[in-house]
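To keep things simple, chains are lettered A, B and C as they appear, and every chain counts its residues starting from 1.
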């Protein structure tokens, strides 16, 4: 049984913070298929299109028929633990500081044998489930967990290292005013977050969320305006060293494309909040979070952006807003690269139209604040990089993967004339 | 002594004082908030260009951006639709002399303290004139409300039906414009639409919004005021 | 399979081991030069007399055997580079023997050597193989310790082996090592000490693991006529086998590729396990030595534990095994670990093994095992060597 994870004790001010360390990052190109699947929490393996054999480790040619037509497909994640070991010494500093480290050899029901991280509750010959998760190097790795849930299962140190679980962590949500903030804050507190900081812009402008949220225990409302560099820097100075997860939900949106609007006023605000706001936050909070990824139970874990799924392909009814989201999405990819050596993750939550004022004119389905909050917390727990929230987001993702040009053509379709 | 020499020696001797009616702007300074489907007044922003660092080793400076409608400001006749056809109705076209004139202060601070919707009515103006004499032609009229002592949410004083603050009634403005032919004053933030339209449609009227963190010429402290001043053409 | 050509007329001679060092500031080139010079001196040859050269090394980068020819001033007409780790000794031998038999070369030096800097082992792991990089090292970076821990764990489960059984192999090898002045390990080891040692990767503990070190090994292959002419003691080759990626369908490695070729190994050498005077297994961990005893026919699969309980594995015992102390006690000098057993076996059958000499050693079996490419060793090899008789 896994012992329950205790809240971190108060930090010894005389102790140096553990530097960010990483497990090995180098992978072949073929092996990155595992990483791509892990980014979405899927367990996939290489399959030969010609002879259908499933194989692992990833190869460039089929070991059964030498075909080079290999694709990644989701697979049953069930297997049997053949052998286990507890590694007590390693030449890699990341593991050295986390010893002992359990690993095992698992025969998958679909055939291949994998070496994997091993949950503390797994024993030799047990049936196990394989999780494909991103590790601190940002690479997909496999972890065997018990097939049936066990007590405090998520508190296992190796499982937790492959997640960004909100439990015992301090989380900044950047925009108190966003309609999704109460649901997000509530879900994070339910998930065991130690503190939820809420950034409030323009406190002179009253807002209903304030009274709802101010009363909650473990919630702190703090001034933050993502369009104001000084405000962002000031808050980073105050709480940057204890922000373990940052959820950027600041959003400015208005309907319309370029011609609908006739000027750049709203577009500037959209870029200022949605794109430059992210940049200001990253510049102010990024370095501090990057330095704290090895800081124990409440180490800095993840940077979260909430983005329109149309960041992938523009929706002209919201053309300018979507463009600012595309910019933010692109910047999030830059941040992934810039954060990489620290192990700080970037999770993008791609959402379809949300159930709020600015999407009133669109028909359902829409993403409710609760659904968005659930997906975000689940994404953190699974350590995902890409979360697709709602039917629309999932559909757009599928269509985008199938053919980005076809999707673009369909989204930009004109109304049929006479 | 020429008039200018008199002014300079008065300033030097302390018999004439310069009063700063401005606010110091910061990024959290309240600005007018319109319904969200309208374009919005930009917030005051100040971004460091460099501060004796790698971006510029020996100097510190900033880029600032703001709306013309932020803090202590001047509304040109062309600000409002009723004044859009006023000749030379934009700030850069107004002769500089029009910005200098005599001032009267109507102290409404005690009334505004009791009632956040306190109104400057023709009756109050008449009362002031009974005590101080008729408002002279070409004078600026300042309405003292002490609203500048407030800050943040108190300052904006937003309710579900919009912000609340003291101001003149349409009748009061009409009286100043039509009966005195010179000046009106108001806590501009809360000027109701009909009043605004009335003022702006006159080619000779403009509105300032400013604030006085220190004393005014009339020993008015911390006053949030607006000016209406006649323009000589 | 048709009958293979024998190794008649081939002599293996001039075995030389450069004394190992735990850490060295020298390079692989330096270590290889030392061993090569040792063998050439033993044979009374000059570098120019060599026309064949075979190299095994992990730490030569960016050089290969090609760079070494210029580095060492050699002009071979036959050149080989064998990247097979623990299987490389026997593979170098069998290739060189065929080259001499065919007349492609007259005198071939087979050399293996590696240096061991403070960080060499970690650096070697990080670029060892693509599968290891992609699918093994990210999981705790335990290196071979973790791989063999898993094999050992499963082997114990399947066949009822205990830590004491593995300890018997290690303790016996330490006893042998104490007779080898060049062994890195110089203190006796008791079974109690073995059992109470610091755990490394359960169930593997400190004395199950080899000590990485710097060192080099060399031998020469030539015709029996040439060896006789030079008055060199030599060994002859009874048979050799080599196999790669055998039993890929086994979920975990409990046997090696030897099982595919063992019949041929003995029939070609015209002998049986009972005729073998000493066995040199590849011993980076005791579990793999136990598997070799099984897979090479000294006992049935799964009876390795019982076998080591009933036999004495020391130089003076009834089953002399890894007589120089093996890698477990003499040290693992990188690719030279694939040569240590072979070079020692050559000394044994030539009767020049000194303190570790097995009485009347005439026939030795040497086996190699190499390259944990992912979850198991991929390369296996074995050779039977006989005491040479001058032509």
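Rule of thumb we're sticking to: contacts are C-beta pairs under 8 Å (C-beta built on N, C-alpha and C of every residue); 3 or more make two chains touch, one makes a residue touch a chain.
These numbers come from a predicted model, not from an experiment.
Which chain's mean C-alpha position is nearest the mean C-alpha position of the whole protein set?
Of all chains shown, the one whose C-alpha centre lies nearest the global C-alpha mean is A.
Comparing centres built from CA atoms, which chain ends up most distant from chain B?
C
So, what's the distance in Å between the C-alpha centres of chain C and chain A?
Chain centres of chain A and chain C, defined by C-alpha means, are spaced 49 Å apart.
Need the CA-centroid distance for the pair chain B / chain C, whole Å please.
95
Let me have the rounded angstrom distance from the C-alpha centre of chain A over to the C-alpha centre of chain B, please.
Each chain's C-alpha centroid was found; their separation is 50 Å.
Could you pull out which chain B residues touch chain A in their complex?
By the definition above, chain B touches chain A via 27-28, 30, 33, 36-37, 39-40, 43, 45-48, 151-156, 158.
Taking the touch rule as given, give the residues of chain C at its contact with chain A in the complex, in rising order.
121-122, 125-126, 130-131, 133-143, 145-146, 149-151, 153-154, 157, 198-204, 248, 251-252, 374-375
So in the complex, the part of chain A that touches chain B is made up of which residues?
Those in contact with chain B are residues 202-206, 223, 225, 227-231, 254, 263, 265-266, 269, 357.
Quick one: which bits of chain A touch chain C in the complex? Just the residue numbers, please.
Listed in rising order, the residues of chain A that touch chain C are 23-24, 26-28, 30-31, 56-58, 63, 82-92, 94-95, 101-105, 107, 113-117, 124-125, 135, 137, 139, 141-142.
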